[in-house]
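Chain naming follows the written order as A, B, C, D and E, and within any one chain the residues start at number 1.
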Amino acid sequence: MIKKLIYILVLVGAGIIMAQLFAGFSGSTELSETARYYVESGPEETGAANLVTAVIVTYRGLDTLGEVTILFTVAAIIAFFMKTREQRDKPKRRVSEILTTGARILVPGTMLFGAYIFINGHLSPGGGFQGGAIIASGFALMLLAFPQANLSHKTIRWVESISGFSFVIIGVLGIFMAGGFLDNSILPLGNFGSLFSAGAIPIIYIFIGLKVGAELSNVVGHMHEKQKEI
Amino acid sequence: MNMTWIALIIGLIMLIMAFAAIYAKKLAVAIIAAGVVSLLASILYLTLAAPDVAMTEAAIGSGLSTIIFFYAINKIRKQSHD
Amino acid sequence: MVTPIFIIATGLGLAFALGFIPKKHINLTGILSFLGLAFMTFISGQWLFSYLGNNELSQFIFTAGARPPFAIALKMGQAEAMITLLINVVGLLSAVFLYDKLKQIGRNAFIIYLVLIMALNVIVMTRDLFNLFVFLEITSIATAGLMLLDSNLKTLSAGFKYLLATSLIAGVFLIGTIFIYSFGGSLFIDDLTAIGMAPLKAVSVAVFLLMISIILELKPFPANGWGLDVYQTANPGISSVISGGTATAMLFALYKIMPLSTMQSYDILIWVGLITFLGSNLMGLKQSDARRLLGYSSIGQIGLMISIIGMKPYIQFDIQIILLAILITHLMAKAGFFWLTGIVGNTDISKWGMIRKHPEMLFLMGTFVFALIGFPPFPSFFGKWQLIMELSSSGHFLWIGLILLGSLIEAVYLFRWLGYAIKKETATQSSIDIRPHKTLPTIIFAVFLYGVGYLASFWFPMGGSINWLPLAFIAILFALDFLPAWIKNIISIAGLSYYAYQIIPEQEGLYLIFAFIFLIGGILTLIPGFTNKGKRIGFYPVAMMMFVGMGMLIEAQSMLEFFFGWELMTAGSYFLIIRGHRSMPHALSYMLFSLGGAYLIFAAFGIAFAGSGNFLMSGLSTMGGLGGIAYTLLAIGFMTKTASLGLHIWLPGAHAEAESDVSPMVSAILLKAGVLGLIITFMAMGGPNNEYTTLPYVLGWLGAITALVGNLAAAFQEDAKRLLAYSSIGQLGYILFALAMMTHLGWLTGIGYSLSHFAYKAILFMGIGAVVLRLKTHNMFEMGGMIKKMPFTFIAVLMGIITLAGIPPLIGFAGKWLFYNAIIEKGWYFQGTIIFFAGIIAFLYCFRILYAVFLGQLKDEHRNVKEAPIWYLIPQYLLLLSIMIFSAKPEWIFQPLGSMLAPIFPQGQLVWNEGGTAFSDIGYWNGSWVMYIIGIMFVMIFAWLFIQNRKPKKVKQFNIVYAGEKPERPETTHMAYNMYSGYNKALGFITANGITTFWNWISEHVTAMGDSLRKIYSGNGQTYVFHIILFVIIVYLFSNGGF
Amino acid sequence: MEIFQLEYITLITGGLLVLTGLWGIISQKNLIRMVIGFSLFDTGLHVIMISIGYIRNGTAPILDKAVDKVNAAGQIVDPLPQALVLTAIVIGLGVTALMLAYVVRLHKEKGSLNITNFKDLKW
Amino acid sequence: MSIIAKLLWVLLGLFIILNWGLLMGALIRKIVARVGKRVGIRWYQPWLSLPMLYSTRSSISHGVMYYLGPVFRLSGGVGIFLFMPLIVGSPYFDNFSFAGDVVVILYFQFFGMLGMALGAGEGGHPYSTIGISRGLAQFTTVEVPLTLAVISLAIQYDTLSIKEIAAAQQGGITNWTLFTNPLATAAALLSMLGIFRHAPFNLVQAPNEIPIGPPTEYHGTYLGVLRTNGAILHVIEAVLFMNLFFGGAGNWIELIIKTFFIYFFTVFIGVVFPRFRIEQSVVWFLKVPLVLGILAILFMAI
């Protein structure tokens, strides 16, 4: 009991520290200088209508690269856990008819939707991550419906590797052909607001989408397989 | 203002759900409660003019995350049955 | 120039591309990974190279074609280049070390490893807060992954705790980041520093959160249980990356964000760092798991570096250089050490005796231990030096005290460990993994340490004046260690002779005397080494280290050189001492007392630097207002070497258990280094009429009591070498007393004593050492009758004893005579009486050692003993010759000595007449006449007896008046055991081991404190998380003085 | 200042979520619940970040017909925190997944989910 | 004075001292015997036994050091004699006192002791060692009050030269140190008891047991040498005390009388008091005599 009390006291302390932070925050009514720059020069420099995408893919592309790396690493680590056991699963779980049928229709749709989201990332809300996540969800759904589905790790790995590697290559191309690492203007910026615009952003976002999708699928797949073993 | 009221209510539900997520007797309920918190968060994001984030939170925070949690407890349950 | 972006591109691109390679081509994967790491290393190296020499401005690397703060920018300056180079080198070498492990796990292991190293590089280079966050996360995830290289319950639970803790910490960092953005409108560090955020409370809280989370990443005490677990369980290759790479990157991150904060925050760093340094080392005291111990040590060292970052506002010197010196040492030594634990494979430090089978591995271990403690010639020596000097000149003595105390505690467990490795018998037969890919990285870092040490000396003021030639000589000796002992002995003697030839002619005054003792003494005491058959691995380099160190004391123009020499000497003598049979505990206590003393000296040098503003030895005489303290520190520091009462407990064991020819080195010569130090101290105090009268007075009493206790204890010893060792304590007590008198006669006595002690103690230790060598025992009651078997040794020892006892006509009497005069002149009657009492007590052991070893009944098992080896006799007789000469002509030594002292003490000089009679104010003495009179008389009486006695019949051993019986066995008639039992009953209480008990009490309680302190590491990951939150709050409370 | 504003409400909600998450981490013995606590903590952080980037009455930072390039600066909210949160969410997922994988393995090794049972390493 | 003349005078002094020592020894033994209601030896007995010992034909040796032991011993006694001025103001009987002051004498005492100890040690007889270890042990504390007294004198007379100290006491009995510095004198006299090793401080020799050791081993010529030394040493030690505390001697008669009484004093005490064990005697010297010595210094220094 005393222990709980101490915990509460400590959390109150943490709360007070946070409250002091919050106290300094006085709801903003106008953009910071940085944000203003994004709004004012972003469209010209990147050609992306979705400023969040512009920031993510271009201005803070390095973060994104890191983030992709995190997923990639996590997938690799979870694969580690698999390393030690290769047993095949024994009992087959019976999956309801509705689920399988539903999945047959839904999975391709989900995947396509995911692809749509990341392809249009520079124009509308959404992008590589969301798209990738949706693809992975579809993948999870598929596993749910077809637990025996022999998903090809190899394919996933190839997708993962190719997209990741291409991301890096495009980034490096930026150094030689444009203003710097991950500069999207290695390709023509195109018509503002159209699908084929914003330089390399759509391409990068596609790779991100593929990669995230593949990585998350990988994670899900590994978790799933772990479930199967025993 | 309406938005503010909505946010307030959502915020309250989120906190309740958060406590539910911690204290729910069954793990599955807890996970779902956590998923709900994420889902509500994505609504908050929408009110805060962040559709990108909202989508992501919905897809990842409440979607994938929950799935992974379930995989994990499923797996654990099977481990302890053996 | 390859842009540093390629570090990222290589690391990541390669990591992604490895996916293309099929599983079966794992070797290709490995090779590519190495190439990638090598290329990353090359990039940072190339940048560093471009900065060397020309002060180019550091370069920003913009990404995404936009300028910061709008896009992420990296920075590649000299510091960044240096740090990334270090990280990449560790990464590369660790990968080599881990090669078989990584290969076994497969492609993913290589991938994660590459990602980790790349992420560390970015943490160093990035100038963007959020980017920093992302790569912090990558680091922690990759580390959590690499934990699984050895997958078992321990690594799993450690990895989980680590993941939990670091994720939480990253969360704290993220809150800070976003609020910084809110208040500052930017995430670009340089921008934020430049604009200077509003002095709001909230701003400071945000900055505080940033700072505290980086601090937490650095595992501050006590919120670091998770870190320790990782160090303990991770594969040593990974631990070395964490300790060497991750910690380095985090330190740099901390350094990078500090400009955002206020001055107050720097104080937080200092205290957090110092408490970590102390606490962590304290808790290491009782640790027996090698890797966890290294973890404690790592955390401690990192704590020290945190505090150094915090000291930036108080230090005028470029703090980066100080940090770099300490960082490089820590990184290389710790990484190397972790690898070594992987090579040895046993994590119980008391089982490390098995490393002895591979002397080269032992050498590596020694290198790392000494580097970690901050011995010369390693870079941290210079770093710590400059740090202490700077802190002292800004008056922060408490910090100095804590730093030195922490270092001392660290030394306790590291040297205990080293002692186990060198000496402890171990039953386990487990073999050591010396495959080249394991040993190579370790060797490379050891070599680097020496190389960087050399370079580092030029980074600091006065460091360039260090004479590296002798050190190169030592290095050569190490390299030649495969040769037979006699060749190395010749080389050593030749080298030392050349060194002496270089140094001695340049000296004058008192330094000449000590140069003579150190170097000529060194040559003489090396001669017995010729008796050694075989290789005598490791002996010559360390012996030379000691002598060279002492030579440097003589050469030193600056305090830095002096301290350099002092530490070198300590290191060398430690290794010499620990070579003895049962020397392990004694060598440890020797080391600890020496280090403790050295640190006091260090602190005093700091005060001197603060007072004088330069590093010259002459600065010791301008101490500012702290002279009293400084001189006391110096005196105590030097007295640890002269083994004054209270600080003497290391000496008997250390001297007694040392090898036969080492004892004279450490007793006759090494102790004099302490005397030299005392002389320097007293001279700096300003000669006879100085303002510090209390200190010499106290030292005088201390010297007297030391003499009494030392001599008394000597009389009660059963161990011949222990007897001599205690006698050294007593004699050094005389010297201390004499010097403390601060008069002409007093110093004449003290220095005269130093010289004669050198001569007779060398003779005695060589003589007794030879006996011990022949009889294989130290116990005097097991000896006896050696006069028949070793007559030449007996004569030398007899003369040595007569000199020691101060019996006319030999030169030892000069000391006694001078004492009387000096004491009466000075008015220190009672101390003086104690000194005389002690002097008379000396007869007890003088007789005891002569009788019990050489006289009495010869034991049956010793009937075939031979005379001491000729190599032992040569130096003894050379010394004896000099004793005889100076006994007959004392004015040859005391007259020049007097004129050397005249500038310092013009009052109360001896007056010498033409006949060689010395006149003091009250007494007179003519050494030559005394010699002649006694000599002639002795011969006449001998002749008288000879004539009267004609030819006596030689009788056999047992032919004595024994109630008509023949004694059964020699043992029963050799009354050597507990010889002075009655005396012991009467006065033995004086030698009661109160002082040993005191030090034991201290060590027990400190250890117990560390032990109870470490109980906070309950092993529960949840508790650790709680610690983290609590830590944040407590530090916050302290820094704000409330909420 | 006025507390009853959208961004304040969300900010405070986020803050309380963070605390709740912390509470979950330090008070629950069950490993899974600790991970849930962590994910709540994370979500709270993200809410805070988005609140910080909010500009009163702003619209989403996407240029289209309603928000043209010229006037955008006065209309939209700050895109940067949103970008950061996007990244952070994905990172959070990665960390959560990794933690869960660890939990599963830990359970496998010891058959327990109680953190107090994993004290093999101490002192 | 030529060196030859000096040598002759020294030999003369030595001759007188030796004979007086023999006589004094005999007289004291006689007195002690009479006190004990015994007859005692004849007064000329020493002159008979000494030549007898020297002319003993058979002798044995246990080794070099054994052989040299008596040489050291006699050298010790004669050496002290040589450095001791005998008659105040007499250039003929100040021996070689120019070579060193009282410190030389104090330390030269050890020369003979050490040599003898070593010689006896080589004999290999266990009792020798016991005796020696006791003797040395007792001697350490015996010397302490004496040292204090000497320091006190050095302060008082501002010199360490025996000649000067003795000279300073001339001109009437009240100038003697005995009266000018009674504390130092008392301390020194008490320590003298230990130096002469009569009862109660004679456990060193333990007259009933130890003599079967070294004195029996050292027979014949060796014993002769030792006896010679004994005669010289007793007188010369008494001379030392006489010079330091009892006004020195202006002529031989004075010297003989003073030394007799000084020596007799120690014997007298010994007859009266019982024997101390060694640890008792060691401690005893660190009590009253030590305090007296300290007071003596304080008295002089202040």
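As a convention for this text, a residue touches a chain if its C-beta (ideal position, glycine included) is under 8 Å from a C-beta of that chain, and two chains touch if they have at least 3 such contacts.
The structure displayed is predicted, hence computed values, not measured ones.
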Components of the contact graph without chain A come out as one piece
Shared touch partners for chain D + chain E come out as C
Output for shared partners of chain B and chain E reads none
Per CA centroids, the chain at the heart of the structure shown is C
So, in whole Å, the Cα centroid of chain A is separated from that of chain B by 18
Averaging C-alpha coordinates per chain, one finds the centres of chain C and chain D separated by a number of Å equal to 50
Dist(centroid_CA(chain B), centroid_CA(chain C)) in Å evaluates to 58
Distance between the CA centroids of chain A and chain D (whole Å) is 16
Residue ranges of chain B touching at least 2 other chains are 50-53, 56, 60, 64, 68, 71-72, 75, 79
Where chain D touches two or more other chains at once, the residues are 5, 7, 12, 18, 22-23, 26-27, 52-54, 60-62, 76, 80, 82, 84, 86-87, 89-91, 93-95, 97-98, 100-101, 103-105
Touching two or more other chains in chain C are residues 130, 134, 137, 141, 144-145, 175, 179, 181-182, 187, 1026, 1029
So the touching chain pairs work out to A-B, A-C, A-D, B-D, C-D, C-E
In the complex, the residues of chain D that touch chain A are 1, 5, 7-8, 11-12, 15, 18-19, 22-23, 26-27, 52-56, 60-64, 69, 72-74, 76, 78-80, 82-84, 86-87, 89-91, 93-95, 97-98, 100-101, 104-105
As the complex stands, chain D meets chain C at residues 18, 22, 25-26, 29, 31, 34, 38, 41-42, 45, 48-49, 52, 80-81, 84, 87-88, 91, 94-95, 98-99, 102-103, 105-106, 109-110, 115-116, 118-123
Chain C partner, complex, touching residues on chain A are 7, 10-11, 13-14, 16-18, 20-25, 28, 32-35, 37-38, 41, 45, 58-63, 65-67, 69-70, 72-74, 76-77, 79-81, 83-84, 157-158, 160-162, 164-165, 167-169, 171-172, 174-175, 178-185
Within their complex, chain B touches chain A through residues 50-56, 59-60, 63-64, 67-68, 71-72, 74-75, 78-79, 82
Listed in rising order, chain B residues that touch chain D in their complex are 1, 3-4, 7-8, 10-11, 14-15, 18-19, 21-22, 27, 30-31, 34, 37-38, 41, 44-45, 47-53, 56-57, 60-61, 64-65, 68-69, 71-73, 75-76, 79-80
